[in-house]
Structure formats: structure tokens, C-alpha cells
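Here come two complexes built around subunit A, the first alongside subunit B, the second alongside subunit C.
And then the complex of A and B:
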């Protein structure tokens, strides 16, 4: 049982961590938390199943098309729900505008795709359903690969440094002449792809299911809240910790109590450490 | 005799004016409920059911309006409390866990459960804002549905259980409708009472100007908790009624769509209004009846509406109906304070001997903003605080008013140390302040903004305000007349009913001073009150500040206008780089060599 807990815990933890990174990527570029982060995870699974199983495309083509579609959803988020409300960030209108967009995405999927969970294709076909099955290690592998790629991007490329610059100080970055708007759009496209990858890699575990949207919105945000806004390392640690905790509770006391336990943990930790366990300093108010 | 009849006439005029205002507010609401009474007589059972549904939704939305519309807390998962109420009532009446309970007792118990869970769901709002709070209410909504599905022995799981049946005379469609309508009217009345009390004004202050709210002594945590108790109870009772309306409940009946409907009703209606969200609820409940082919897309439509409201018309229906505030204001307004009214405003015993700072140190990220400052503000004196930008003037004000805790040193009032960082207690200890950029509630009237300043003098409890008992009404009368006096004193009485965000910058500065005076403070801290004022206005401001100090109130004045400082101050402190450069009378400072070279120039 311990092996199952660890295998499934790490797998869902990886998905949560990637959704957390999606939240962070959007936040770093715009100081906005978007409700579309979880929906992107859901879309990764739905697009994968749509392209590969329903339309019969080769897996690689399906993967690339899924990434393109999710990047476009990311761009739409930026254009429709984020850019118009950036002027008045202090009113927190983005909570409502991104929620509206997330609900639209969810409703379109529910009506045009299905409200029932649909099968997701095998990727490599390795493992016979045991704890070494690809559905358990694929998300972990994807998460590790995505993190390495992001680190390379942020540390080794000029574009990546520009991303970090606008995340650190938006005004200063603009004053230096960085194309802040283009970088923001690029970040949202990138976030879209990360979210899509989360859903795709976890597709065999979570299936192509519309209800994954709100679920991932919540479980993907928990690591962000625990790790501190914009802190990717915090989100990864938080994601895996959440996955293991949730699956342990799931196996030991049953699914419902696992959800309740996660919820209580979330509230208690946030009340104790509002800026997360690895949180930064508080902004000045007066 | 003549005098008393004159004041009586004045009081009557004031009363009738207030009367007109409250009729303008209550009239449309009463009209809607009167029309609702006619529904069973002019339509069939089907429409009575729809109208019952709207009434039940309003029981929840009306209370939730205080959380979302007034306090600005984005609670998007309130279907959770509807679910909780529906299941509690049904389970209690069915007798699944206890001997069967009568319907009304079950409703009451559900209300208590709702109040408790309302507080639990609301807890995150105390420390976290917006997205965190939104997500946690969302998480709660998901969990409640999962519990309803899984706890089969009690809730019947996916199969569900029958809703409670009402006893006669409420067992018929019509009878139940009138019952729900009565509950809805009661909730409307209670929320209106709260909206027009210091609690309601406290909520909008927390929403739009939380720093000013703290400085006026509004206890945010206590206030929000009280509101969550009320809203949770109302939502759970609405749930009980909802279960009766459905006759049979399953977890499927409580989709997230309902949550969306609830908070979109409020946003469409407009923040801080009661009529708007009521219309929003009615419209959204009726909409599917007229757009039946679109039923599958109802959530999509709601989402589009939400996006449109946020991006295009953030004021909602209430802003569209606010005709009074469309009339153009007179241009070239001048502010003429009535200095002789200051005495009526601040007349109170001033026993406090003085504010004393000793060796106060505070740094931000390694930079010492203030570095060992000693400062004394005496009662009835004007103490000027000047210095170049970044010399620590505003930081000192923030330390005194408890927004920052100093790393070293002490702040005392009348010989007693002030608790560091406890900004909410300063107003009741006799310290009021204004801000460098006016912190105001733009969507509320000027009068309401000023009344916020008198929060600490309110006597009535939340329950008394909820039920509009005598103490609440006398509180309101007193606050209103004091606020009018304060507005007359600063010369803004003609703008009392205008939305505050339509005022000029200089008028907002005087409005903030009026608000600060409402607390009848022993000390008043003014942060650059003359910034943005014309030369004439600065002169009048000077006279006004002098009048304040003549009442025994000590003034700490941060200013850049050297003329004003030297004109009215009794004592001046000059700061440079967080240290005191010089202290003395204006005459001494004016000729102080270092001050001239560091700051005054010349």
C-alpha cells in the first residue's frame, strides 16, 4: 500500500505542481492569479483525447496540436480577461474576469465534448497497470523536464532574463525599454503550454474530464499558496507534498475525508502563514 | 420661546429631509414587494413556483450582498451554505440522525449551522484577500457536495432525500410563496438597516479604504465575522426553503451554476446597493423562462454577463439608476470653512497631556527611515513637521497611528505607552488622522464618508441595528447631525449627498479633515493637507487648523508649504534623513543655518 500511495501521490503531486507553475508563470508576468490555470490542465487532457483517440491523429501530432491550442487559450486569457483590468489591479477585477473566462471554457467543453470522463490514450505503452505503469511516472518525468526547461530559459537565455526582469519590477523593466506587453503575452502562451502538459501527462490518471477544471484550480492553487506567490520551487515542493498527503489520506481514511483534510490543511496553513511557507515580504500599504 | 420653536423647525426640516432620502431608498423596494404580493392572483401555479424560487434566492443573495457588495469579499462558493441548509433541514425533518424535528425548528437549527459554517468559510477573509478567499469558498463548495454524495446513510447519497413539508397554512403553493416572500422582505429590511448603520459604512470602508477604516477604529475582523454569521444563517435558511421548494433533493441540485447566479446577481445589481442586486436576482431567475432554448448554455450566458459587467459597466444596475449623481456639479466651487462651528464639533474634555516619541527607530529593508527620533505633540498646540522628501515625516505619522511598529523606542499618549502596530485602537484613544492621498469611499456619498469618522461613538450593537431598535435610530440621528455640522464647518455642506469620487481634490482634503474631526480626537495628525490646494484655500485651511487647536486638540502637521507652517505652528521639528535636524519655535527655525541649507534654501 505504501508503494501505491507514493506512486499515485507523486503522480498527482506532479500535476498539481505543474498547475502551480502555470499560476506562477501568469502571476510573474502580470501580478494576476487566473482561474484559467486549472482549466488549462483540464484542456490538456481533453485536447489529447480529442486529437489522438477521437480524431485518430498520431500521438506526437496530437501533443503538438494540444500545446498550440493551450497556448492560444493562454493568449486569449491575457487578451480578454487580464489586459483590460491591469490598469486597476487594486480593485481585483481580474478575479471576476478570469473566473468568467474559466466558466466559459468549462461550459463549452461540457456541451461540445462531454460531461462524462472520457478515455485518454496510452503514450508509450510501458507498464502493465502496476505501480511502475507509465501513468504514474509520466507526470513526474514531465514535471521534471518542464522545470529543467524553465530553469534553462530563465537562467541562460536573454528572453528568460527579461521575463525575470518584468516579474521583479514591472515599471523598471519598462523604463529599460523591455517590450513588457509582448513578454506578458509570451508568458501567458508559455503558461498555457505548461498547464496543457500537466493535463496531458496526467491524462491517463485523471482522464479527459470536464470536472477536472475546478478541481485542478483548487488543488493547483494549494501549492502556490503554500509555496508563496510566484515561487516555482515552493510550488513544486508544495505540489508533491500535497499529492502525497492527499493520496495517503485517500488510502487510509477514504476519498471524502482526504478532500476535507486537504481543505482544512489549506485553511490552517494560510491562516498561520498568509504569504506561504516560503513567502516573501509584505508590500507597504500606507 | 422663539429660539426653541426655531430649533424645532430646524429639526423638523432635517427630519423631513432624511425622510425624503429614505423614501427614495425604500420606495422602489416596497413597490417590488407589493407587485410580488399580486403574483398568485394574476398568474398560475407555475409562475408562483418561479416567484417562490426568486424569493428564496433573494433570502440568500440579499444577505450575501453585505459580504460581496458592501464588504467587497469575493465569496463565490456560497452554494455550499445553501446545500448545507437544505440537507440539514431535510435530514432533521426526516429523522435520519435524530427523532424527527418540526420544520420550523429544523430551519432554526439549519440557520445556526449555517452561521457556524459561514464563519469557518469566512475565516480566510480576515487575513487574505480576493483570490485566496475566492478559491477557499470554491473549495468549500466542492467538499460539501462530495460529503452529500458520500454520506449515504444520512443524505441518501446520489439518490437523495425528500425535502421537508411545510405545515398548514404554508403547505400550498400560494401559502409557501407568501411565507418565502415574508422571509425575503424580512431579510431586505434587516440588510437595509445594516447598510444604513455604522456597520454597513464600516463594510464599505473596509472594501475601498481599509487603511482609513483602521484609522477610524473600525474593527475589521469582528465586523466581518458578524456579517458572516448573519449571511451564513440566512443562506442556510434559504437552503431549507429551497429543499421544500424542490420537494426532493440530490447533490446534483446544487451545482456551481447556482453560486455563479448568486454572485452575478449582486455584481449586475451594483456594489453597495440593495435595489440593484434585488433586480439582478429577479432578472436572472426569470431569464431561463424566456430563453428556454438556451438552457444548456445558462452558465455560459452568466459568464458572458459577468465579463461584460466587469469590463464595461462595473457600476451595474445601481449606477444606471443613480440619476441624482448625473446632474453636473457647479464649476468653480470655493470652499469656505465656518471656523466658528469647530467649537461645536470638537467640544469634549481633553485630559490627554500629549503624544511623546522617544528614540523611535524604524528601517525598511535595511534603510533607516527614522533613526532615533524624539518628538512631543502638546494638547492645544500645532506642531509642524517639515523636511525634504524621504526624511521620514509620513513614517512618523504611521508609527504614531499604529500602522508600523518601531524597532526601538516608544510612543506614549498622556504618559501611557501606545501599543505598537495596533492601528484599530488609535481612534478610541483619541488620535485621528488624514492621509497624503485622501483615502475615501468613492462610491459613497460625502455625508456617509464623514459619518464613517464617527464609528467609535456608535452605541448600538449589531442586533440593535439589524432590527432598527431605538438605540440604533438615535445613533444614526446623532451621527448624521454631527456629520452635517462637520461638513458645514469645513464648508462642504452643499455637497453632502454627492458621490465622493465626484469631488475636487481640494474638497476631498477638507472632507478627510471633517471625517477625522468626527472622532472628537484629542490629537489630529494631518499629512500634507495643503498639497494641491490654491493659495486662498491654504489660508482658510490655516485658519481652520488654528481653530482646531484652540479647542484643545493637539495637531501634528506634516507640510511642505513653509509659509503655512511658519504662519500657524507653535513649534516646528525639522527632519533630515530620518533624524531631527532642528526643533524650536518658527522664529528660531526660520533662521537656523542648517535648516536653511538642507531644506528651506535661500
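And then the complex of A and C:
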């Protein structure tokens, strides 16, 4: 039982963590919590299944096309749901605009793809369904690779440093001549690819299923809230902790009560640390 | 007698009006088409049944019209896509009643929509037949205009319970359902009924259909000593995950329950085709193959008629048959009376063993559940061919 909890807990935790990073990547560039993050995860699975299984493309081609499509959805999010409301961030209009876009994505997928879950292709074909099956370790591996790539991007490249600059203070970054709008668009494209990777790597576990959108929207937001808004390390730790806790609750209390246990944990942590476990103290301007 | 020009003009106008509006009326009534409203969730969630029914509806209408119609009147099917949304179903119903002035309505095809529109149809006294399973949709006192052509939830439950206790002869049963309103209600009813019939319900669970790993619940059911698992869920993803988990656990417990377990969507979600064995889903004797691979004679002939005209490989035979039966039941009511609501309802209230392709329907003024309970059987879920299934082991 313990092995099962760890295997599936880490796997779904890795997917939640990547969705949390998707939220953070979009938030850092625009101060907007975009509720399309979970839909990007869902699209990763749907595009993967569409290109590889339905259209019969090689896996690598399917993966690349999935990344391109999710990046485009990220760009559309920036253009349609974020840019028009940036001037009035204090009114939180982005909640409506990003939720509306998320619903539109959901409806289009339901009508054009299917309302029933569809199969997702095997990637390496390793494991026979047991706890060493690729469906359990592939999301973890993908999450680790994505974190390393993001660290390299943010620490070792000029573009990455520019991302950090606009995340830190976009007025100052603009004053320094950084192309804030282009960097924001690039961030949304990057977020699209990270969300897509989450859905693709977890596709064998979650299947190519339209209902994964709202599921990932919520369970991907929990690690962000637990780890602190904009804090990727917090989201990763929060994601894995959530996955393990949820799976342990599934085994110990089961069914509907497992979801209740997740809600209770969420509320208790936020009561104890309102800015998340890894959130810093907000400096007050004087 | 002197006739003035004014009197002549008035008289002529009156004669013209009389000839225009009075005399042709009976002729119009005798030749106008029989308008049948068809409330179908053709797109969106849960559209598969309506797509199957729709093929039967079109086939039946074309066949009747090609043979000259009903008393010389053509059948006109007016379809509205409700997308499975009760609000859209309500709007379409009101349009059909007040603007399109249909003579009868077939549908909707899911219980959520039907719950919303049944009282509206009853107020308008609109003759309505539907295939929705929720028991409360049929009540001859409250809804004297509503008739059911499919089994009710109770009939499905009876078939599953009887199969577990009398055919599989199991004593310890686990009941697993999803967390939808339907799943919660079905699990509760099923558990109570199984206990009443002497079964020991050792485990009951409602699971979120998107839960990626079914091991926890399957393990608990196994540890509780379950000899069969009764499943009430419309989610094919949840079904397939349970079948895969059973195989990974090396457990050969049979699954018995909801028809979704026989859906073609499941095939692609299985890790191995063998994982679909020992799965018995609710089915119908009229649309099941016997040990010799034959359907009942009436439906052997029906499938032969459909060949090349109606695609059966991606749908279920009972959906197509149910669509044909619905149109035939309305046509027969008009043939035996008229298109007035009272005549149609009167005919349906007197129907005894109407020979449909899906079943032999019988209604009375006090019983509007028309499907014969004995014809609800269990099917071998993995045996689909032309939209029909083999009977599960234990039936002759």
C-alpha cells in the first residue's frame, strides 16, 4: 500500500506542481492569476492523444506540435484575456476574463474532441501497469527536467534575467528599456508549454479527458497557494505534498472524504501561513 | 327584390371569405403533415444515445413517408439540439408547444433534461414519450401525457441484483458509484435493495470519476471480501480504470452494472483487451445475441433491413431500435385516431404488447412504464457486434 501511495502520489503531485509553475509563470509576467492554467494541462493530454494516436504521428513530432499548440493557446490567453484588463488590475477583472476563456476552451474541446476520456499513447512502453510503470515516473521525470530547464533559463540566460526583471518590478524594467510586452507574451507562451508538458507527461494517468481542465485548475492552484504566489520552489514542494497527501487520504479514508481532507489541509495551512509556506513578507511602501 | 351595389359587394366578400376560410379546413387537416417534435442532445456531453436514436427516427420517418405516410399524411420530424442542457431543452419545448404546434414530442434523451421539461409538457397536455430512466419521471396522475419506452432505474437495478444473487450466486457484494447525483442515488438504492434480498453489502463507495488511481477503493473492496462489484457510473474512464486496476491486482472479481461498461470508448482505455472480461453490463434481450450468435427473429430481420442504410458499428442497436419504435408508436396512434392530444394519449393508454424492435410495450391509464422488465438482462460487455451484445453467462 505504501509503495502505491508513493508512486501515484508523486506522479499526480508532479502534474499539480507543473500546473502550479504554469500559474506562477503567467503571474510573474503580468500579476494576473490566469485560470487557463488547468485547461493548458488538459490540452497537453488532448493534443498528445490527437497527434499521436488519432493522426498517427511519431511521438516526438506529436510532442513538438503539442508544445507549439499550447504555446499558441498561452499567447491567445495573453492577448484576449489578460492584456485588455492589465490597466485595471486592482478591479480583478482578470478573474472573469481568464475564467471565460477557460470555459470557452473547455466547451470547444467537449464539442470538437469528446466528452468521454480518450486513450493516451504509451511513451517508452516501460512497465506493466505496476508501481514501476512509466505512467507513474514519467510525470516526476518531466517535472524534474522542467525545473532544471527553468532554473537554467532564469539564472544563465539574458532572456531569463529579463523575465525576472519584469517579475520583480515591471515599471523599473520598462524604464531600463526592456520590451515588457514582448517578454510578457513570451512568458505566456512558456507557461503554455509547461502546462502542456504537465498534461502530456500525466496523460497515461489522467487520460485525454476534457474534465481534467477544471480538476487541474483547482488542484494546480492549491500548491500555488500553499507555496506562496509566484514562488516556483514553493509550488513544486506544495504540488508533491498535495499529491502524496491526497493519495494517502484516498487509501485511508477514501472517495469523497479524500477531497474533504485536501480542503481541510488547504484551509489549515492558509490560516497558519496566509502568504503560503514559502511566501515572503510583503514590504509596505511608505 | 332590389339588390344594391353595396349589398352585392358585401355578399360577394362574405361568400369569398367563406370559401377561403371555411370549406378547405377539413382538407388542410387531412393533408397537413404529422409534426413530431424531437428533443435530442445531438452535441455536447452525453450525445451518443441521441445520435443513435436519431438514426432510428430518420429511418422510421423515411420508411413511413415512402409508403405513403399515415392516412395520406407525411411525418415531419422537427429536431432541436438541446446539447444535454436542461435550459435549452425547456426553450425548445416551449417553442414546440407554442410556435411549432407539434402533435407529439419524442425525447429528451437524458433524465436531467426530462426532469425540467416534463411538468411543462404536462401543463400543455402534450403527448410525450421518452427513454429516460429516473423513476419519478413517470407518474400517470401528475403527468398523464408522459410515457416511457425504456426501462426505469428500478428495472435496471432489479436485473443487476437478480444476476448477482441468482446467477452468479454471490453473497458478498461491493457497490461502487461515481459522485454525480445519479451515482449517489443509484448506489444508495442499489445497496438497500441488495440488502433486502439477503446480500451482504461489504463495501460502498462514491468515487470522483476523474480520480486517476482506483487502487485504494479496489483494495478496500477486496479486503472486505467482495465476490462481485456492482458499478453505477456513466463514466467510461472510471470503468476502464477499475478494469485495469483489477488486472494489476490479479483479482478476477466480476463487475456487474451500468450499461456504460459496455461502451466502445472503453476499448481504447484498456491496458489489455483481457481486462474487459468478466464484465456484465445492463442490456436487453431484444438486442442480444444468443449462444448461436443470433438475435431474436424480429431483430435479425430489422438489422438486415438497416444494412447499408443505417450505420450500427459505432452506436448501440437498442438506441436505433428505440428511435424507430418511438416514431412508429406516434404514427400508430394517429392511424387509430387523430393528431389531437386526447386521441394520441387514449391510444397509448390502451397499448398492449406493441411489437417494437426494442421491446414489446404495454401501457395502461395507471401504468406508463412500458418496457417489459423481464427483457432487461445482463450482457457480456466486451462482445459488441453491430451495436448488440452476447447474453452474459447464465441466460438461455
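Everything that follows uses one rule, which is that the second predicted complex is superposed on the first by the 282 of 286 C-alpha atoms of A that agree within 3 Å, B and C clash if a C-alpha of one lies under 4 Å from a C-alpha of the other, contacts with A are read in each partner's own complex, and residues count from 1 in each chain.
Keep this in mind: a contact is a pair of C-beta atoms (placed from the backbone, for glycine too) under 8 Å apart; a residue touches a chain by one contact, two chains touch by 3 or more.
These figures come from a predicted structure and were not determined experimentally.
Q: Report clash or fit for the pair subunit B and subunit C bound to subunit A in the combined superposed model.
A: clash
Q: Does subunit A have more residues touched by subunit B or by subunit C?
A: For subunit A, the partner with the higher number of touched residues is B.
Q: If we overlay the two complexes on their shared chain A, which of subunit B and subunit C does A:2 touch? Say first, second, both or neither.
A: Neither: A:2 stays clear of subunit B and subunit C.
Q: Once the shared chain is lined up, is A:215 touching subunit B (first), subunit C (second), both, or neither of them?
A: A:215 sits against subunit B and subunit C alike.
Q: Look at A:158 in the shared chain and tell me whether it touches subunit B only, subunit C only, both, or neither; answer first, second, both or neither.
A: A:158 sits against neither subunit B nor subunit C.
Q: After lining up the shared chain so the two structures overlap, which partner does A:270 touch, if you call subunit B first and subunit C second: first, second, both or neither?
A: Touch partner of A:270: subunit B, not subunit C.
Q: Is A:12 touching anything from subunit B or subunit C once the two structures are fitted on A? First, second, both or neither.
A: In the superposition, A:12 touches subunit C alone.
Q: Can A:205 be said to touch subunit B (first), subunit C (second), both, or neither?
A: second
Q: Once the shared chain is lined up, is A:60 touching subunit B (first), subunit C (second), both, or neither of them?
A: A:60 sits against neither subunit B nor subunit C.
Q: Once the shared chain is lined up, is A:118 touching subunit B (first), subunit C (second), both, or neither of them?
A: second
Q: For subunit B, sort through 112-120, 148-156 or 328-336 and name the stretch that clashes with subunit C after the overlay.
A: 148-156
Q: Just which bits of subunit A does subunit B share with subunit C as contact spots?
A: On subunit A, the residues that contact subunit B in one structure and subunit C in the other are 111, 215, 254-256, 259.
Q: In the complex of these two chains, what residues of subunit C are touching subunit A?
A: Listed in rising order, the residues of subunit C that touch subunit A are 43-47, 179, 205-213, 215-217, 219-220, 235-237, 240, 244, 247-248, 263, 265, 268-269, 271.
Q: Taking the complex as given, what residues does subunit B use to touch subunit A?
A: Residue positions touching the partner: 74, 76, 123-124, 126-132, 134-136, 138-140, 142-143, 146-147, 150-151, 210-211, 256, 260, 267, 296-297, 299-300, 302-304, 306-307, 310-311, 314, 364-365, 394, 398, 403-404, 435.
Q: Please output the residues of subunit A touching subunit C within their complex, sorted ascending.
A: So the residues of subunit A touching subunit C come out as 1, 4, 8, 11-12, 53, 110-111, 114-119, 129-130, 202, 205-207, 209, 211-212, 215, 247, 250-251, 254-256, 259.
Q: What does subunit A use to touch subunit B in their complex?
A: So the residues of subunit A touching subunit B come out as 33, 80-81, 84-85, 91-93, 95-97, 99-101, 103-104, 106-108, 111, 214-215, 217-218, 221, 225, 254-256, 259-260, 263, 266-267, 270-271, 274, 281, 284-286.
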